[in-house]
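You will see subunit A twice below: alongside subunit B first, and alongside subunit C after that.
Entry: the complex of A and B
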């Protein structure tokens, strides 16, 4: 194809998106669109999958059967989210094996929040409330994104997320209204998860490289800072309601803006974790790669069995 | 290292009787039976379906968006296929 032809295809492509048309897998798309989507969608899938690890850590120790079935169902949902997203990513012409390979070799990133440890049961409450809460804020606008398979996957994901956040907040309510020790445990979890949750919404707008292009392709509808503000404004009253204190001395209602002002975020910590130096990065990758490798014989056996059955069928 | 990767399957789910099967997404499985079981877990955790079809992705033949014109344009100028094409007096009822 000549440069000119590509230019006019690109122009037509951008116009389609501007008209709110969806792009489907076999449609022509600029190479950059394909690559950006493979990167973002697979990162998203990896985050769902690695995100099971910190919570999976507490399934066997959930304090009641009610909590255990809820946590099991939530973690199973996250596996489902990972699978919706991986298969949506595969429609862009990349194989599942390549995607796993990228995760396992550290070439692909996943959300840095999952590199923090879950030390107490209250962390399970804090994750559902804050981490799934922040995820919802990130994900709702993606239900309208331009790439059809991604948008459809996100609609399914968003439908399921609401229960995740509610079960987490319910855990926090119970603990906050419990014994002094339980309340302290809830506060401690909030203290540890608050700042990483704010970081989860991404670098500040002046440091964010992809925003403008992402806006055009509807991979983003609001900037990171806008999303962060939205998260803070909706979460602070929820903390107030159960008598927990947001660990930010600079947090203050700003009448004029109709929003909360908040203190500075430790972006050095964020970049350290992104670069692999968070408290649990190594552990998470070890668990993930280990599960993949230890499962190899099962995958092989299933394939061998399927082939044997097929052969037998043909012989009859 | 896996000797051979599990193939990809397309999943179609009937939400309830009376509705058609609709494409829900895809997944990997060693064979059709496993694809059905996995589809149950991946796509119907909340009563989203009463029936599932699975078909290996390689068996689907899809039209090419580049041929959109030759395939679908012939239908565009056939307004006489629509009821509003026909002029009837307003007095005619139930038609």
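Entry: the complex of A and C
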């Protein structure tokens, strides 16, 4: 293809996106669009799958049968999200094995929040309330993103995530209205998860390298700082309502802006975790790689069996 | 309180409780995302069943005990699940082997329980049977895949079946509660399921190219609360919150 032809294809492509048309797997797309989507979508899929670990950590110890069933269902939903996000990513011409390889070798990232440990039952509530809450804020705009398979996957993901968020908040309500021990457990979880949750919305706008291009392709509709503000404004009243205190001495309602002012985020901690040195980075990867390696003989067996079955069918 | 009926329900529900707990341990650690989802789903089904049984048992007890008290606040010797259910997830072949050897029994059992004169039990059985039919399909398919897959998988699956086989006979032992409930046409006579069970199990094992263990030595005791050493650890996890934070709502 000549350079001129490519230029005109690109122009047509950008016009389609500007008209809010969906780009489908068989449509022509610039290589950078493909790569950016592979990166973001697989990162999202990896986050779902790695995210199963901190919550799965409490399945065997859930405090009641009702909570256990709800947590199992939630973690199962996350596995399901992982599955269809991987499938959606595969439509861009990359295999699931390649994507796993990228995760296991540390080439691909996943949401840093899952590198924090779940120490008490209240952490399960805090994850649902804060982490899923921040995830929804990040993800709702993606239901209208330009790449069709991603947008469609996100519609389903977001429905389930908002259910998880309510479920998490409900755990917190119960704790906050419970015994002093339970309330203390809830406050402690909020103290530990608050700042990492704010970091989930990404680096500040001046440090975010992908924002401009992502805005153009509708992979992003608002900047990181706007999303963070939205999250804070939405979450502070929820904490107030159940009598928990946001662990930020600088948090204050700003009448003029109609928003909360908040204290500085420890970006050194953020980059430390992103670069692989958070409290649980190594354990999370060990768990994923371990499961994958321990399961190799099982996957080989399934493959061998399928081939034998196919051969027998042909022989008949 | 209808003590025999209460004990009879524990006998059914504890199997689902302990097996569900074992399957729940695997969440996030399975050999593939698809098997992870399936194992979590089986765990979810089993705990759903447990809730139906224990809610009924709590009603019968009528002394303020809840489903969670019954599930999480008994002592080790008071759990009456079969030994098979508590065996650990040594590897995926053991997980599948345990599930398969239980599922075949479970389906036969529920098919009979549907005819119970106790309408609650019969209704629970009818609901569970749909789920358990899926469990049978899942675990049987995997026994075939692993048995007839590679040399390595065949050897692992055979080892698991051989090791778990000693726990199968206990499934067909009658308890005191069983005997009373059978005369009242509420309970299932498990001794009558034995022949069909071994026929079905053998069919699948043969199809998978696996040997049917010939051992005539079996283990028992679970139904009397005499367990393997594995159960204590499982209960430590299961009961952790209820024991550490007594009398609280979650």
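We take it that the second predicted complex is superposed on the first by the 316 of 316 C-alpha atoms of A that agree within 3 Å, B and C clash if a C-alpha of one lies under 4 Å from a C-alpha of the other, contacts with A are read in each partner's own complex, and residues count from 1 in each chain.
Everything below uses one rule, namely that a contact is a pair of C-beta atoms (placed from the backbone, for glycine too) under 8 Å apart; a residue touches a chain by one contact, two chains touch by 3 or more.
No experiment lies behind these values; they were computed from the predicted model shown.
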Who does A:182 touch here: subunit B (first), subunit C (second), both, or neither?
second
Who does A:83 touch here: subunit B (first), subunit C (second), both, or neither?
both
Pick one for A:1: touches subunit B only (first), subunit C only (second), both, or neither.
neither
Is A:299 touching the first partner subunit B, the second partner subunit C, both, or neither of them?
both
On subunit A, which partner touches more residues: subunit B or subunit C?
C
Go through the superposed model and pick first if A:26 touches only subunit B, second if only subunit C, both, or neither.
first
Examine A:153 and indicate which partner it touches, taking first as subunit B and second as subunit C; both and neither are also allowed.
first
Taking the superposition on A as described, I'd like to know which of subunit B and subunit C A:315 touches: first, second, both or neither.
neither
Indicate the residue numbers of subunit A shared between its subunit B interface and its subunit C interface, in ascending order.
73, 76, 80, 83, 296, 299-300, 302-305
Quick one: in the complex, what on subunit A touches subunit C?
49, 52-53, 56, 59-69, 72-73, 75-76, 79-80, 82-83, 86, 121, 171, 174, 178-179, 181-182, 287, 290-292, 294-305, 308
Note: in the complex, subunit B contacts subunit A through residues 1-6, 8, 25-28, 30-31, 34, 41-42, 45-46, 62, 64-66
Residues of subunit C that touch subunit A when the two form their complex
21, 24-25, 27-37, 40-41, 43-44, 47-48, 50-51, 54, 67-68, 71-72, 91-92, 144-146, 148-150, 152-153, 156, 234, 237-238, 240-242, 245, 248-250
Where on subunit A does subunit B make contact in their complex?
24, 26-28, 73, 76-77, 80, 83-84, 87-88, 90, 95-97, 152-153, 160, 296, 299-300, 302-306, 309-310
